[in-house]
Every structure is written in structure tokens, then in C-alpha cells.
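The same chain A turns up in both complexes below, where it pairs with chain B and then with chain C.
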Partner chain A sequence: MRSLWEGDNMGEGSFLSKMLTIDRRILYWILVVLIVIPIIRPIGLPIPVSETTRRLYDTLKNLPEGSVLVLDNSVGAIAWAEIGSALETVTKFIASKNFRVIIWSTTSPECGSLTERYLLDIFKKAGKKYGEDYVLIGYVPGAVLALAALARDMRYPRKDFYGNDLDTLKIFEKVRTANDVAAVVLAESGAEGYAYVTQWYAQYRVTILDICTGALVSERMIAYNAGQIKGMVAGARGSAEIELLTGYLGAGISSADALSITHLYLIILVVIGNIAYLEERKVRRGK
Partner chain B sequence: MIFDIGVWVAWLFTIFAFSAVLYKENILFKFAQYTFVGVSIGYTIAMGVKTIIDAAWTPITHGEHVYIIPIILGFMLFLRFKKGLEIYSEWAMAFLIAVGAALAIRGNVHAYFFEQITATMLPIVTKDLVTSFNNIVIIIGTLTSMLYFIMTREHKGVLKYPTRIGRIFIMVAFGAFFAGLIMTRLTLIYGRIKFILQTLGLV
Partner chain C sequence: MSSKIISKKITFLIMLITGLIVLLDYFIENPELAAGSLFLMKLAAILVAFSLGVAAVGIFRLHVPIVLKRVKGEWYFSAWMLFVIVLTTLIGVFGGVDHPAFQWIFSNIFLPLSSTMFAMLGFFIISAAYRAFRARGLDATVLLLTGVLVMLMNMPLGGAIWSGFPIIGTWLRDIPAMAGYRGVTLALTIGLVAYSIRVIIGYEKPMGG
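Moving on, here comes the complex of A and B:
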């Protein structure tokens, strides 16, 4: 029987040499097929809930009634496909409780429109009153500078997304600084977690709960392990987990099959690619 | 099947964007690419103008004249394009850097220096074997990775093996970061493919 690389070398036309020079469009087409199949016919692969997601859920569940939460929607349009569903799920869970929620972003100009389109209806359906139970301030420019300023005075943007004077809104009665906030639920695709840890956690010890993209997970784990971030929904996988925990099933669960299969596909490609590379190097050195 | 012109425009642009990857670079892909760049820049400019109006101009019209200072500093930034006046743009830049640095130092020293060091001071012996093992890995990983960044001494002798171990830990960290990035990218592709199928009424 012929080995994968035709004996001991990377001969012309061998399987591994072909893999190194394969038209990448073929690999992309296979990827598309692997995504489409589970969308049309879900497989139902198991989804174990990780500790990071469970801690986010438990922290939110155990907050006292009437707590003030900041919901920072810094996801942006590009990352919405990945963690938008997690943010919607967490918002549904928050709306089911008796919390007061202040929504803003200091980095994403799309915060106002995305929140209005995807999140405000959740509060309305839960019977919450605008200005009393929740408020949308929208985009507050200034990133870290703005976060530091908001921690000292949350009314400094003066107006909400609709032009209402913040001083006149009932939700801000006895609420002014970060000391009045029980927790921040941050949905991010950039460096916002870092800014909250330095400006809200380090200065005011506010509980930070993070919903972040997969690309940020390894970076945020440092803050999580140090106890600076109390709970974390990590990327698309975390979206599926939080949906399972809260019972609000949505896009996260349905994407789990496709993502598991495509990850397996990529792992196989990485392994084959590395074996082929090592074989090629061995052959070149032999020559 | 969805009947909404906005949805179909998004559907077409998604197909145009995918066409370069699944077929080859073509005029439709370039059209989608340039439209995206144009729309993004337009949106950013509009948001920038709105920000200046909301954060500075409106307060000035309400009698808070102190906001003239940031507006002047903002205009000074543009002086770098005027020959002979470049130096004034540096004043505004110096102000920005000073404020940024002050804020970074205030938060960073505590959160990312003291607290991170404290977080690695972990007990090696605990009731749970897995926790003990994890703690040992964290301690060895932190120490050896830090040793790897000693640049003033050659990685020989006492430093030889610890720095090699540190390098392995750093590579594992890069691997974890890369894996996270793959998950993000795959989710984006998944979201677009699902959108294509949903628009066609196949899901």
C-alpha cells in the first residue's frame, strides 16, 4: 500500500505535495459546504458550559433587586454576527429581572442604532419603562477618557440618544458615579475590557462582566484569572453556553454545530499542512 | 423569501464579497469593497461632526465657553499641514499625549502591575490536585516568560533552559490567540452564509 507521501519522500504528485499547492478556493468551498450542511440539517453536538460563562450567569442572577447596571454595547456591526446573539440573550435575562440599565458605548458609533434595532424591544416586551428602568445614552466619544469621566459623572453627556435631558430622567435619581453601579455588562470587540479594568474596576471596584469576541479571549483571560473580570462569555461558543443557561435559545445554539465541524476541518488542515511542510523540509535537506 | 430592498442589497453585496474568495477577484468584488470603504468613511465623518456639535458646539451656545479650548486645540492639530506652523500642532498633540499617559498610568500601574503580580502569587499545595497543577503551570509560565525578555544577558548557562521553556509558553499563548481569531473569523463567515440562506428562504 502506498503511503501518503509515496514512500519516504515528497515525490511529484504525492498527496502531501499536492496539499501544499492545492488551489485555496477548493479549501474555501469545502468550508462553505461544511457550514451549510449543519445550518440546513442541525446535528445537535453537545455543548458543555464553561466556568467563565457560568460565573457571568451566576453573578447576574445573584445581583440584588433594583441594582443599577451599565450595559456597554461596543460590539459594532462587524462583530455582531459573533457576539450579538450573546448580548441579546444577556439583555433578555437582565430585562427579566428588576434592574435599572444604562446603555452606552465610548468606542462604537453604531451603539445607538444597533441597540435601538436589537435590544430596546427586549426591554419594551418585558414591560420596562424608558427613562425609569432603562436608558439609551448611545455613543459617548472619547474611549478611555470618556470612561474615566463617566465613572465620575454618568450624566456628563447631558442628553440621551433621543435628546432627553439626563437630569430629568427618573433612572438617574440617586445615580451619579461608578460607585452607584452594581455591575458593568460589557460587550466588546476591541480594547474596551482593558479600559474598564483600569478605569472602573481598579478605581471603583465595579464588577465587570465581559462578552467578548473569540479573538479577545486569550487576552481577557489574564484579567479574568486575576479576578478583575468576574465572568465572561467567550465568543460564539460562549453565546451558545449562555443561551443554554438562561433558556433563551437563539442563534448561538444553532451556530454551535457548524462552528464545531469547521474547527475540526481547520485542525485537520493545520495538521496536514505541518506534516507536509516538515516532509518537504526533510526532502530538501536530504538533497 | 424576504421582500425588503435593504436585505437584498446586503445579500448582493455579501455574494460580491464572497466572489473574490470562492472564484477570483472581479469587478463586482471591487465595487463592494470600494462601496464599503466609502460608506465607512462617510459614516465616520458624519459621526465626527455630530460629536463636535454635541460635545462642544452645543455647550458653547448654552454659555459654557470653556469648550472653546478643546475646539481651538482640535483646529491646532490641522496646522501640521501648513508649512511653518507645524510646531503649533505639536502643542495640541502634547496635550493629548499628556492626558492619555496620565490616565494610563493611573489605571495601569494598579490593575496591570500590582494586581497581575498578586494574581500569580498562588499556593502550590491545595486540596485539589488540578488546582495545584494549574497554579504551578501559571507560576512557571509567568517566571520563564518574563526571563525570556531579559535582553541584556545572552540566553546561556543558567538562563538557557528557563528561557527556552518561556519561549514555549509564549508560543502556546500565540496559539491560543490564533485559535480565538479563527473562531471570530469562522463566526463571521457562518453569519453571512446563514444570512444568504435565510434571505433565499432555505432556512
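Moving on, here comes the complex of A and C:
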């Protein structure tokens, strides 16, 4: 049978110093349990709503009827588990209003398929008409360049995801440039936020609302504090917050407890690891 | 003049003219300039689309020899990857992205595997936090405390444990971290402007050029 301790020093040192060599698989299994249990049986830990999420919600709520929105789904399959539920919730909220929505991504080739799978049904269930109330353009290659070109001419990709000519779609009747767009709702896991700030906000003053992964928050706060990004749903925590605000409860709320518990677990591990490290250092110096 | 020098001069002229057209469009309002700039941007975006094809060719150039040479412990992974690329491409091109087989591959293979790759980060973080996140000196201790305080701010429960955690965490994020990020961003942007100008006037070879 394999030892629970990595290395062969089971008999040496105190309990804490042995903790330093604990088999990482034990740590992993504890993590799995801490994630799964709160998702199956939510504890209902408190979720205070942050200012960034509230501002995104308020901005969307106060947009005038008939506004044209760009929904940039650049999450990609890889980060869908973290912020996909937030995008679904925001889409439900948008679909409940009288907005016209254009969906694309200039960085994520998965945009079309992910939108079809998770978001288009939301519009259909809300009684929205394709081509009139919403349109899926899909992936437009070119990243920042494509965003700059789209700001000048939104019909330049020519066809939507299904091959329809954009000029024939009713939604584009009075929509041509970024000046015709009230807001961009961007869901990102990369550098898209910065591209929108430079190409859409700096030149056209389009309101930018961001749903980003937790790792991007510190970087995006620069634009948020400068007023260039008007509101932000930040990572998995933001997903739970936006669900609370909109009332469309889903995966975000159920994973909020797991988020709190796993963060706490991480902090406890850091503390134990450091106490053990300091003790071991003391023993080594004593020798 | 040799043909090499002529071709260099032509390349420089193309860079100068295209660079200036796109750049001036941001500063001067002129319909002809705007149309020219938009045309060049569309052209560049189309070229970027071709880069996806180039990437696919690169994958084949790397993995086909591995399969042909039957490299031990590798060739079957490469063969499987090439097979999946060809299969998905054929279904996507001839059946369209709406084809049930394409949708099945996307929903049942691509999506779960992508999420799994991302989720594995959690395990690495746990392991790294436990074994590497140590207060070895003053700098490391400051980093450690900052990390813990920001984690306490990020977790929904943090504010419920003590209302001071979100305040301290937000201050750390909005003042010192922001100052650092702003400095890096500004330096990067100024550097990029300088580099772009040097490329446009022919003082610098563009990346990969």
C-alpha cells in the first residue's frame, strides 16, 4: 500500500512537518468533496452584491426601450464553467427587455456554437424574432482589427451564422456603425475588454459592460475606475451576484457556497503550510 | 539597383502608406480616408482568418513526421489528433456547423474537455498554495498576506466573517495593484506607439517580417 506521505520520512519530525509532505491526492480529494457537497446541498452562505455588478445591472435596466446592444460572447468553452452562467443570466435579463441584440466574437471561434447551445433558446422563449430582435453573426476573425472595422461597418462580415445576408435582416435597417449601438455586453476570458475600450469606447463612447473571469478582474479595474467600463460581473462570485439582482437563479448561486468554502480551504492550507514551514526552519536552525 | 533592394523599398512604401492611412483616420475626419482605412482593416482581418489555416498546416507539419517515424509513446496521440482534426473539418465543411455530428463532437468532446482543462487549474492552485506559497522573507510575507486578504475579499463569505476584509481587499486591489497595472499598461502603450512609428518609417522590421 502506498504511503499517505510523499517521500520516505513518515517517522521523522512533528505532525506539522509531516503535513508538508502529505500526498497531494488527499488535498485534491478534499477539494473535490468541498466543491461537490455545497453544489448538491447548498448551505446558503451570504452573498453581498458588489458595486461593480450592481452598476452593470443598473446600466442595463436604465437603457431606453429599443436600444441596440452588441453581445460579444468571447468566453470560449474553456471558461464557460466560470462565467457562462453569468452570461446566461444577463442574456435572460436582456431578452426580458425590448432590446435588439447583435451577437458576435472576434476572438472565439466557438462563439457561434456556444451561443446556439446556451443563449439562443433564451431569446426564442422570450418570444423574440430572429433577424428582427436578435441576430447571431458568430466568429468574425481579426481580434482588435475586426473590432475596429466592425465599429465602422457592422455589416462587413456580410453573412450571419446561418448564411443570411446581413443587409436583408430587419435588425440592421437602421444600424451601421458603433454610433448606433447603445451598449456592448462583453463576456470575455482574454484581452477583449481592452480592445473594446480602445476601439469602441475611446472613439464612439459606447457603454461597455463586462463579464470577465476572476483572473482578469484586477486588470479590468483600471478601465472600470476610469469610467471606461460602466459595470462588471467579476468571475464566479459575480455570477451569483447578478443572479440575485435579476432574480434568474441558476448555477451561479449554487456554486457560490462552493466558492466560499474552497477559498477558505485554500487559506487554511496556506496557513498550515506556513506554520509547518516555520517550525521546520526552526528545527533546522536548532540542529 | 538589385531586385532585393527594390523589393525592400516597395515593402517599406506599402507599410508607410497603409500605416499612415489607418493612423490618420483616427485623427482626421475625411470620408475617403475613412473608406480607405476601413478597406485596409477588412483586408487585414481576412488575412488573420487565413492564419488559422496556416496554424492547421503547422500542426500537420509537426505531427505527421511523428506518426510516420512511429515515435515511441507519442505517435498514437499525434495520429489521433490528426484524425480528429480531419474528421471535424470534413463534417464542418461539408455538413455545416449545424450538422448533428458536428454538434455532437462540440457538445460531448470539445466542451467537456475544455472545461476539464480549465478546472484542473484548481488542483494545481491548491497544490502550489500548500507547497510553494511560503513566507520565506519580507517580500514573500507581504505577497502572502496580500494574497490571503484579496482571497478573503473575493469569496462571498469574506465580508460576512468580518466587514473589514472587503474594505482592505478593495483598497489593495484599487490602489497599490492598480498603480502597478497602470504603470505597466502606460509603459506598454508608449512602447507600442514608438515601435509602430519605427515600423511605419522603416526603422524596424515588423515582427515575423
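The rule is short, and it goes like this: the second predicted complex is superposed on the first by the 265 of 287 C-alpha atoms of A that agree within 3 Å, B and C clash if a C-alpha of one lies under 4 Å from a C-alpha of the other, contacts with A are read in each partner's own complex, and residues count from 1 in each chain.
Everything that follows uses one rule, which is that a contact is a pair of C-beta atoms (placed from the backbone, for glycine too) under 8 Å apart; a residue touches a chain by one contact, two chains touch by 3 or more.
Note that the coordinates shown come from a computational prediction; the quantities given were computed from them, not determined experimentally.
Engineer: In the superposed arrangement, which partner chain does A:R117 touch: chain B (first), chain C (second), both, or neither?
Structural biologist: The answer is second: A:R117 touches chain C but not chain B.
Engineer: Using the touch definition from the top, say if A:G214 reaches chain B (first), chain C (second), both or neither.
Structural biologist: It touches chain B and chain C both.
Engineer: Is A:L269 touching the first partner chain B, the second partner chain C, both, or neither of them?
Structural biologist: In the superposition, A:L269 contacts chain C only.
Engineer: When the two structures are overlaid on chain A, which partner does A:Q228 contact: first (chain B), second (chain C), both, or neither?
Structural biologist: In the superposition, A:Q228 touches chain B alone.
Engineer: Between chain B (first) and chain C (second), which, if any, makes contact with A:V36: first, second, both or neither?
Structural biologist: first
Engineer: Applying the document's definition of touch, where does A:Y201 land relative to chain B and chain C: first, second, both, or neither?
Structural biologist: first
Engineer: For A:D153, using the defined touch cut-off, is the partner it touches chain B, chain C, both, or neither? Pick first, second, both or neither.
Structural biologist: Once the two structures are laid over each other on A, A:D153 reaches chain C alone.
Engineer: Would you sort A:L259 into first (chain B), second (chain C), both or neither based on which partner it touches?
Structural biologist: Both partners, chain B and chain C.
Engineer: For chain A, give the residues common to its interface with chain B and its interface with chain C.
Structural biologist: Shared contact residues on chain A: 28, 31, 35, 78-82, 109, 141, 145, 148, 203, 214, 217-219, 222, 225, 235, 237, 259, 262-263, 266.
Engineer: Enumerate the contact residues on chain B facing chain A in the complex.
Structural biologist: 21-24, 43-44, 47, 51, 54-55, 59, 99-100, 103-104, 106-108, 110-112, 115-116, 118-119, 138, 173, 176-177, 179-184, 186-194, 197, 202-203
Engineer: Can you check the complex and tell me which residues of chain A touch chain B?
Structural biologist: Per the stated touch rule, the residues are 25, 28-29, 31-32, 35-36, 39-40, 78-82, 109, 139, 141, 144-145, 148, 157-159, 197-199, 201-203, 213-219, 222-223, 225-228, 235-237, 251, 254-255, 258-259, 262-263, 266.
Engineer: Which residues of chain C touch chain A in their complex?
Structural biologist: It comes out as residues 26, 34, 37-38, 41-42, 44-46, 48-49, 52, 97-98, 103, 106-107, 110-111, 114-115, 117-119, 122-123, 125-127, 129-131, 133-135, 144, 147-148, 151-152, 154-160, 166, 173-174, 177-178, 181-182, 185.
Engineer: Write out the stretch or stretches of chain A touching chain C in their complex.
Structural biologist: Residue positions touching the partner: 20, 24, 27-28, 31, 35, 45-48, 76-82, 109-110, 112-113, 117, 140-143, 145-146, 148-149, 152-153, 156, 161-162, 203, 214, 217-219, 221-222, 225, 235, 237, 240, 256, 259-267, 269-270, 272-274, 277-278.
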